[in-house]
């Protein structure tokens, strides 16, 4: 009897951990690009959520194209959607940096407002193109269903796939930041922009590419989100506050901080949810974050430097 | 000395023609309730209930914009949560208005309808006393003030500023919105409060009530402008701009910015609460949507468009954008967000000092 | 306190003809019975493993004008950060007079205690006029309540006039501080320091970006302050140091390398090494 109870309890815990990690990986996808650009430029891109939304709509469009032109390969549409979503959001991100953000350099609060304006326009544009209603994005057959561990605990394939996908994106981002010249430049500019500038790092170009990269990652995140939730014009809005909290908690300039922040928030959220309800859990977490930054204003993983004060 | 002061007066108040325009605008505003009450509805001078409510609503927004400007334009703290203080003020007043419905609700119960619907038998403790307007007003000012005090103390003490401060305030209003959406929180959930019947025994939609509320709003705006004027021209006001421009210099001059920020932040929140309290009886509804982050950011753009760091600017901005909004949403609803978004971008890129800056530049050239 | 008599007054004259003398006594509160106003003892500060200050010990006498030199990155600014509370020391102690432990006070409190600081990069309140800048810095109560009711007294007005003459910005008093030249901003900042009436002034590269004539004037000004105030001046300009220096301390790699008169330290092998060795 006790045995059954304890195994039940273990499965419950496994379930929480799984849904926590799953939520955490979604948050991570949403926040990763934000953390990179915030660390680099010190500006908050309020249109970041809309990059998620555009990524999700990109998978919708690719899905429809496959459906009408290549129904036999429908199951592969998701793979084709990834580069499309990345490319579209990468280009939009670079354009934003070039056309607007660059001109507000050194005025982070104005940048925040301007990017908010962009997000409003993007939302409305999508509404006019695709309608204000949610659109339907189907799971390819290989993502439907789940892995049944016990009758009470099934891990859906789409969630598992997202966790794996996030891990992949993370590894790629890490490689990009730590093993390439661009990554070196990004890290140099993040730590000390003026110094980097004076030793010949093309900061302007780095900003633009990094912004594109951050947006592109969000675009990829959008593809993933299209597999687990509704796709509508307001999709991105639901994620902004949460992904900012990840950045606040994790600190900037280090991937490890963002990962810890996202997973921590995801898991704690899911642990609190059953007893407190989703809303009170969230509020509790926010309260915790406010108290947390009393102790560590720079976040969990801080780069201690002059640049940041 | 004398010239320096009058120079400052002139630059703070705005250019000369603007002052004249301001006087004229005030005269028109004061005349509106009279025209609503005492002219024949058929006459071309008549001010309809619709117009009076719309303008009254915009005046409330103007007060909020002014409060926002004190913390953003003067002190450099961009709050993305001012909509929360406004909404809390509105809820405070709303509690009174709900109680004042008495037995005239759908369920003819002592309790407000939504509580009956939730099958509650007694009033929750935080509703006690809300049948008195005075207490409701205390709540409308005190709750936003207290929340601002606690949040501000924590934030300023740990030296959170810049975009960090902004996103924390945004998270705050977001969290509050989620909280108020829940039915169990005790504020009517999704639907909030509406269907008010009367205030202090007078019908809520009676012309006399409308006119009085409108006048009160005008008075509050004028009083807020006067208080703001006094504040920003005192040494205190200069310390605020010093915080905005060079906070560490100020600290090494021996000032502790914490208390200055806290003072203006709490004062601003309380002013928003008052504006919210006047807003709700005029528009007849309050719901958690008022707390959405988008609403709060919009306040920032009123201030930016009008011209931050001046007192008239935000009032102008709030008036201009909300007038444009009510026109757009009738004429071209799909394009409103494009217009608003474009305004965000254009103002930050091309009009850092807002419309008022534009007027000033024009005058300097002339 | 120190003999602040005729020679001081004469030097003031030479700085600017008609400055009214205004000898101000040290405020009560700082216990300087041992003739020292600042003690740094064994202070270390590190940033991500990099030791910016390495067991630094130093003391400044009352009324002394001390020059600090050292190669870039020696830790001079960091030392001022520690004294003024901007950076907290990892270990060691900093005392103001005999009794005040600076580690227990915030930046604003330290400033109120009587330590004024000029930054390496001149920082003034750019949106305000020169006069308003001085008004804000003027010694007096610092509370919110006081600021709401503040009125400039006649005495304070005189003090501002006096300071304006001293820093040679009388003509510019109604000008926006942001419009001043670099050298004038430096002066304004020095004026703001003086307005605070601190006992100890920390000046981080006060003559950077000044013309030769301006530099010379600044040297004169600092000499008039010596005695009434204690000063710690960080500079790279050796001619300037030569024109003001009594005692010079050389910092290198976060610790004191040598101390003595300018000639002495300039002749010191190790000092020559740190300057030429890079």
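Should a chain be cited, it is by its letter among A, B and C, assigned in written order, with residues numbered from 1 in that chain.
Quick note on the criterion: a contact is a pair of C-beta atoms (placed from the backbone, for glycine too) under 8 Å apart; a residue touches a chain by one contact, two chains touch by 3 or more.
In this text, all values refer to a predicted model and were calculated from it rather than measured experimentally.
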Greatest separation from chain A - chain, by CA centre | C
Quick one: most central chain, C-alpha centroids?
-> B
Approximate Å spacing (C-alpha centroids) for the pair chain A, chain B = 34
If you average the Cα atoms of chain B and of chain C to get two centres, how far apart are those centres in Å?
-> 45
Chain A-chain C separation of Cα centroids, rounded to whole Å | 49
Among the residues of chain A, which ones contact at least 2 other chains?
-> none
Can you check the complex and tell me which residues of chain A touch chain B?
-> 38, 42-44, 46, 100, 103-104, 107-114, 116-121, 123-125, 127-128, 237, 240-241, 244-245, 248, 277, 279-280, 282-283, 286, 289-291, 293-294, 297
What residues of chain C sit close enough to touch chain B in their complex?
-> 84, 86, 106-109, 111-112, 116-117, 119, 123-129, 131-132, 135-137, 142-144, 147-150, 174, 192, 196
Chain A contact footprint on chain B (complex, rising order) | 72, 76, 78, 151, 154-155, 157-160, 162-164, 166-168, 170-172, 174-175, 178-179, 181-182, 293-294, 297, 300-301, 304, 334-335, 337-338, 340-345, 347-349, 352
Residues of chain B defined as touching chain C within the complex = 4, 231, 234-236, 238-239, 241-242, 245-246, 248-257, 259-260, 263
